[in-house]
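Shared between the two complexes below is chain A, which has chain B as its partner in the first and chain C in the second.
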Partner chain A sequence: MGPTLYRKKAPLVAFLLPAFVFLILFLYYPFVQNIINSFSHINGLGAPAQGLNDPWYVNYATLFADPKLRTALGNTVLLTLCTVVFQVGIALILALLVDSIRVGAQLFRTLYFFPIVISATALGLMFNLIFLYNGGMLNQLLVNLGIAAENIDWKDPDHFLFTMFAPVMWQYVGFYFVILVTGLNNISQDLYEAAALDGCTGFKRVRYVTLPLLRNVLCTCLVLAITGALKVFDLPWVMFGAGMPQDQGWLTGTYMYDQTFNRGNVDYGSTIAILIVVLGVLFSNIANRVFKPRDDI
Partner chain B sequence: MKKITPAKAGTYTVLTFWALTTLYPFVWVILNSFRERGLIRKDSFSVPLPGSGFTMGNYEKAMERFDFGNAYANSLIVSIAVTIAVVLIAGFAAYGLVRFRFRLRGLCYSLIMAGMMFPVFSTIIPVFRMEAAWGIASSGNRWLSLLAVILPQIAGNLCFAIIVLMGFIESVPMELEESAYMDGCNVFQVYFHIIMPAAKSSFATVAIFSFLWSYNDLFTQNFFLRVPREKTITLLLNEISSQAGVDYGLMAASVVLIVVPVLFVYVALQKHIIKGLTAGAVKG
Partner chain C sequence: MKKNRLLALALAGALTMGLLAGCGGGGGGGQTGGSGTPGGGDKSNSGGQPSASVELNVVTSYGGDDGNRKQYEAAVASYEAATGNKIMDASATSNEEWKAKVLTDFQTGTEPDVLFFFTNADAEPFVSAGKVVDIATIRASYPDYADNMRDSMLAVAQDGKNYAVPSSGFWENMFVNTKVLADCGVAVPGPDYTWDQFLADCETIKAKGYAPIACSLFEVPHYWFEFCVMNNGTLEGQLDIPASADDAVGQKWAAGLNDIKDLYEKGYFPVNTLTATDAETVDLFAVGEAAFLIDGSWKVNYFVDNFGDQLSDYAISYVPAKGQRKASEAIGGISMGYFITKKAWDDPAKQKAAVEFVQHMTSDDVMSTFVTTEVTALKNGASPSGLNPLQQAAADANANITGVIGAVQDTITGEAKADLFANVQNVVTGKMSAEDAVASAIALN
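Let's turn to the complex of A and B:
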């Protein structure tokens, strides 16, 4: 028995039609078409498909034999793991610390969140300057402080993973920080007082009161961090371009873009895109299962 | 006087350290954007003063060599169009899904949830080919090219926007709508005069994240905008990074020209922006 206002269903069409026209044209249809494309033979972005591949699964066979794709996958998985450990880890430490202070909490929040609103392209350019071999901020700092004897080439095969991952992780720490602080604020002060009466303070309080109560929020952060890591494109693309150094620096996103746009391998690019979707579903399912939110707390 | 315990001092030290990592790189880039060419390598930490390395030359060169005005105009056109369209279309859909009871409601909701799972990588190629066939993409016409970016960006933000708005519209009390209807308003008037004002802050939230996602996106824009006069701010930056070579002062000045306007907007609207970008992750 709904209100009379919503009994007539005719206006519903006007409300839902625009959204679903957009979604069908630009989301569902392209998604299905992309699966078909991965089995077809397409030479250029604007060129029509020239029938099915022979054999039709050839792109998927290539996928397993392609050493560059293996590199891209390895790097992406590593980036995902680093994101979970460092990004969410640092955010958690900072959030717990901020929760214990009164003065300046708002200021820290503002500062930590700032990198998120800056486009990854601008950040990429900025980090290119910071990691410069000759005169970059980091090299000058390390040499001046006597930590490094001479300039370090931050983009060589020994250092590029750090140079690529650190900015990506650094940018989004503030995002998880804000989510975790909001979660901490929701914890009732009474619980802390009760814990203090039982002699539970400091690290013990964090371990036995705060963290269990924060579990669900933490799970949300981890799932978001994992799915976010799979979508990384801008920062590595601006800083490293096509697979630098020596084809070791690919990520699934940058490799897909390069194959599609720079090499005209449109059908293979579609296949990589499908791999990205499969990975995303797989990873977020695993994350949901491992960090399952619980209703009992 | 308040006592400062060692624990408190340690807490502030760690917090300040991280604040420095987010703040100092920007300060360093701003300082060096005013430094004369060649001096960056010797000493990039001092403050450049008139007479000892200060120059405006990097900015003059940046403005001269690259068309920042045009790039800003393109970026704003795209992002504002995306924002308006997302707010209107998503608001309509969220309202329809929350208030009306109909047979396909469950299916519609599942489709929207599923839509959030498609990464842009998996739809971009067919979208490009479709728009090329329509004559919008790679047509050489600036306005059509911008439209070619706007359309998929709207679709990309819609699902998330609908989910966020549904949560807020649900919490609007229905009595108001019913009485407005009794007074002779039709459903559309109810939506514009009651729902939208009541859920104002959530519409602002959606507007902000749509705008920022669109403004900062490189992947989609890179696909559709290839000609210089179509370039947006992110694409211009991408171009500068490949063209500036070893002219680090020019690069620094370009970064500052991009970051500073965003900085002012951020300081002015930070509460809404932080809320907007973390919406959906946390309830309330």
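Let's turn to the complex of A and C:
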């Protein structure tokens, strides 16, 4: 061993090569192919392209005229905002509460993290039972407690956003909770003691000591939450399928899946996929700029 | 240093090999070897080679809550016991998503060895791509293949060949909950049931607090579409496809959609018909909260399995008629069968096992466990035993059937069908006209 290990690059290249090949094969090649597909005419998944579209940019023109895509974009942006406010917000509140207790902190960590390890399909089926119109847990509860006079259709146009977003929020709160708790644990107790001597306790301690010191961790959580929200697919798909209710429940991910796999409209599905990537890059860049970690913390 | 370099290269090599190993070997779980040599009809492959311990990948629609699931599982178990082969079953519930997934599997080269699937236009993509083997080719090596079936009832593909060995047929008709009807003072409909009588009955049932019609317009509007189209035309013209929304057939389809819209606006479907699943609305009917349900023969065994102690609460009746159609005219036929894929046929290790499996599943004995009241292509007919009350009710209703025709939805492309049925919810809520929905679907056909 010794310094020669770093002078000779061959072993490093050899170790980097598999991951590089993997990325080329399974990320960059499909991505380039996807761009080509978006300009081609393809009638089924795996079917050969029947030449270029006429005109070649027709799918991109359709993007701007497609009302379902507009709905999907609106819902996805709303989901992203809700993710920032509720997912990270609730995780922050829970992390602050758990950080302030002495007994049972580990138990709460495990409990809040638990939804992450359950598959989205299982969660979707579970929430379907909770929100079921006839005999669902929530409707039974509300009717029996006299809060609602009759069953509520939780998937109708008046309620579907709550029914779709709530499980998504709930599923990932634990993920950000664990990251934030770890960040809180890294704050030195000396600072809290010094603040206490100056009379800074309770909410003031959170406002003037904890939050500023947690800024970088919080920024990371926000960037992860925003980019993650753009890719949400599985849970809404299990619960709502193709655009329920009445084509108002589309997300960019579910709409792309439906076009590609159910409708066989592969070229248009590819175009939507590119839109999702562009949005992802755009949103994550904005998030990175707005929530830029500071080196002085 | 040499040692370090060697170690590094060995580790990197192992990583690369691991990666490539993951990418390679496209055969899938059940592949038991064989170089996949071409020449499916090669007689040297047939008959002589032992097929013991072969794993066959099989996909059928007998998964989920299918009424014949128990019979299917029993038949698979008896095949495995008799041959020592292993069936890797990936069956699911039949719906548009399942059909799309099966077609995708063919297009991506991950098709099963044996497939139980629709024999109509739905199968054309993989039939025309040469991904399944025709019966004549199989019979050249296995002369007794499907010889217990009437050749005249084998489905004919667009190329004029037969590919699928038919299983039991189907009928679609109206199930009624007799308990609900009795509570509402409504008589069980007979073979002369008219649309006007039906509307009056629905009003009575609705006033009593029940949902008159159990149907998820979001998930399965196609049963009502079929009958409403026939109500605006004739049995003979049921399979006509519109060239445009303006021609006579297009107007017939639009009128059918408008009849569904009328039922929706009158409040005869469940409150959540646009957000409920098929399972939810069928359950509504089963537990006595809805009166009428249009469904198929496969649903009979669903009720037997899940509501066996209240079978006398259900009966098979007739879909109300208007215009030239009679209520005794129904949708039915044989629409599914077993396909052997080219992939399995070209695999010397799997060819015989696949043939034996299909022969077993379509033998007279096994078919008699599936067929109760349905159409069958068996030369000797099926011999079902011990019909339960619901099956007997179906048999009684079928005795009065005066005409049967296939479903028109089976003659259009999957993309057109998906578009048409997805737009039913937009038609009934007034977001789209019936004519526009027809035009949109026809443009994709």
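Following the convention adopted for this analysis, the second predicted complex is superposed on the first by the 282 of 297 C-alpha atoms of A that agree within 3 Å, B and C clash if a C-alpha of one lies under 4 Å from a C-alpha of the other, contacts with A are read in each partner's own complex, and residues count from 1 in each chain.
Throughout what follows, a contact is a pair of C-beta atoms (placed from the backbone, for glycine too) under 8 Å apart; a residue touches a chain by one contact, two chains touch by 3 or more.
Remember, it's a predicted structure, so these values are computed and weren't measured experimentally.
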Checklist entry - Clash or fit: what happens to chain B and chain C when chain A is overlaid? => result clash
Checklist entry - Touching A:I274, do we find chain B (first), chain C (second), both, or neither? => result first
Next on the checklist: Quick check for you: in the superposed arrangement, does A:Q248 touch first (chain B), second (chain C), both or neither?
Outcome noted: neither
Next on the checklist: I'd like to know which partner A:G264 touches here: chain B for first, chain C for second, both or neither.
Outcome noted: second
Item to check | Which of chain B and chain C A:I116 touches, first, second, both or neither | outcome: first
Item to check | Touched partner set for A:T71, first chain B, second chain C, both or neither | outcome: neither
Checklist entry - In the superposed arrangement, does A:N216 touch chain B (first), chain C (second), both or neither? => result neither
Next on the checklist: Looking at A:N288, would you say it contacts chain B, chain C, both, or neither? Reply first, second, both or neither.
Outcome noted: neither
Next on the checklist: Output check: A:Y133 vs chain B and chain C. Expected answer is one of first, second, both, neither. What do you get?
Outcome noted: second
Next on the checklist: With both complexes superposed on chain A, which partner does A:T62 reach: first (chain B), second (chain C), both or neither?
Outcome noted: neither
Checklist entry - chain C: which of 27-35, 189-197, 207-215 or 225-233 bumps into chain B? => result 27-35
Checklist entry - Which chain A residues come up in both lists, the one for chain B and the one for chain C? => result 4-5, 11, 14-15, 18, 22, 25, 45-46, 132, 134, 241, 261
Checklist outcome for this item: Within the complex, chain A is touched by chain B residues 8, 11-12, 14-15, 18-19, 21-23, 25-26, 28-29, 32, 40-45, 88-90, 92-93, 95-97, 99-102, 108, 111-112, 115, 117-130, 132, 138, 151-152, 154-156, 158-159, 162, 174, 177-178, 181, 186-188, 190, 212, 215-216, 218-219, 222-223, 233-234, 237-238, 240-242, 248, 251-252, 254-255, 258-259, 262-263, 266-267, 270, 273-274, 277-278, 281-282
Checklist outcome for this item: Listed in rising order, chain C residues that touch chain A in their complex are 1, 4-5, 8-9, 11-12, 15-16, 18-19, 23, 96-97, 100-101, 103-104, 106-109, 125, 218-219, 271-272, 274-276, 280, 283-284, 289, 414-415, 418-419, 422, 425-426, 429, 431
Checklist entry - In their complex, what parts of chain A are in touch with chain C? => result 1, 4-5, 10-11, 14-15, 17-18, 21-22, 25, 43-47, 132-134, 151, 153, 155-156, 160, 241-247, 261-265
Item to check | Complex interface listing, chain A residues touching chain B | outcome: 2-6, 8-9, 11-12, 14-16, 18-20, 22-23, 25-31, 33-34, 37, 45-46, 90, 93-94, 97-98, 100-101, 104, 107-122, 124-130, 132, 134-135, 137, 140, 144, 170, 173-175, 178-179, 182-183, 217, 220-221, 224, 230-231, 233-234, 237-238, 241, 253, 256-257, 260-261, 266, 269-270, 272-274, 276-277, 280-281
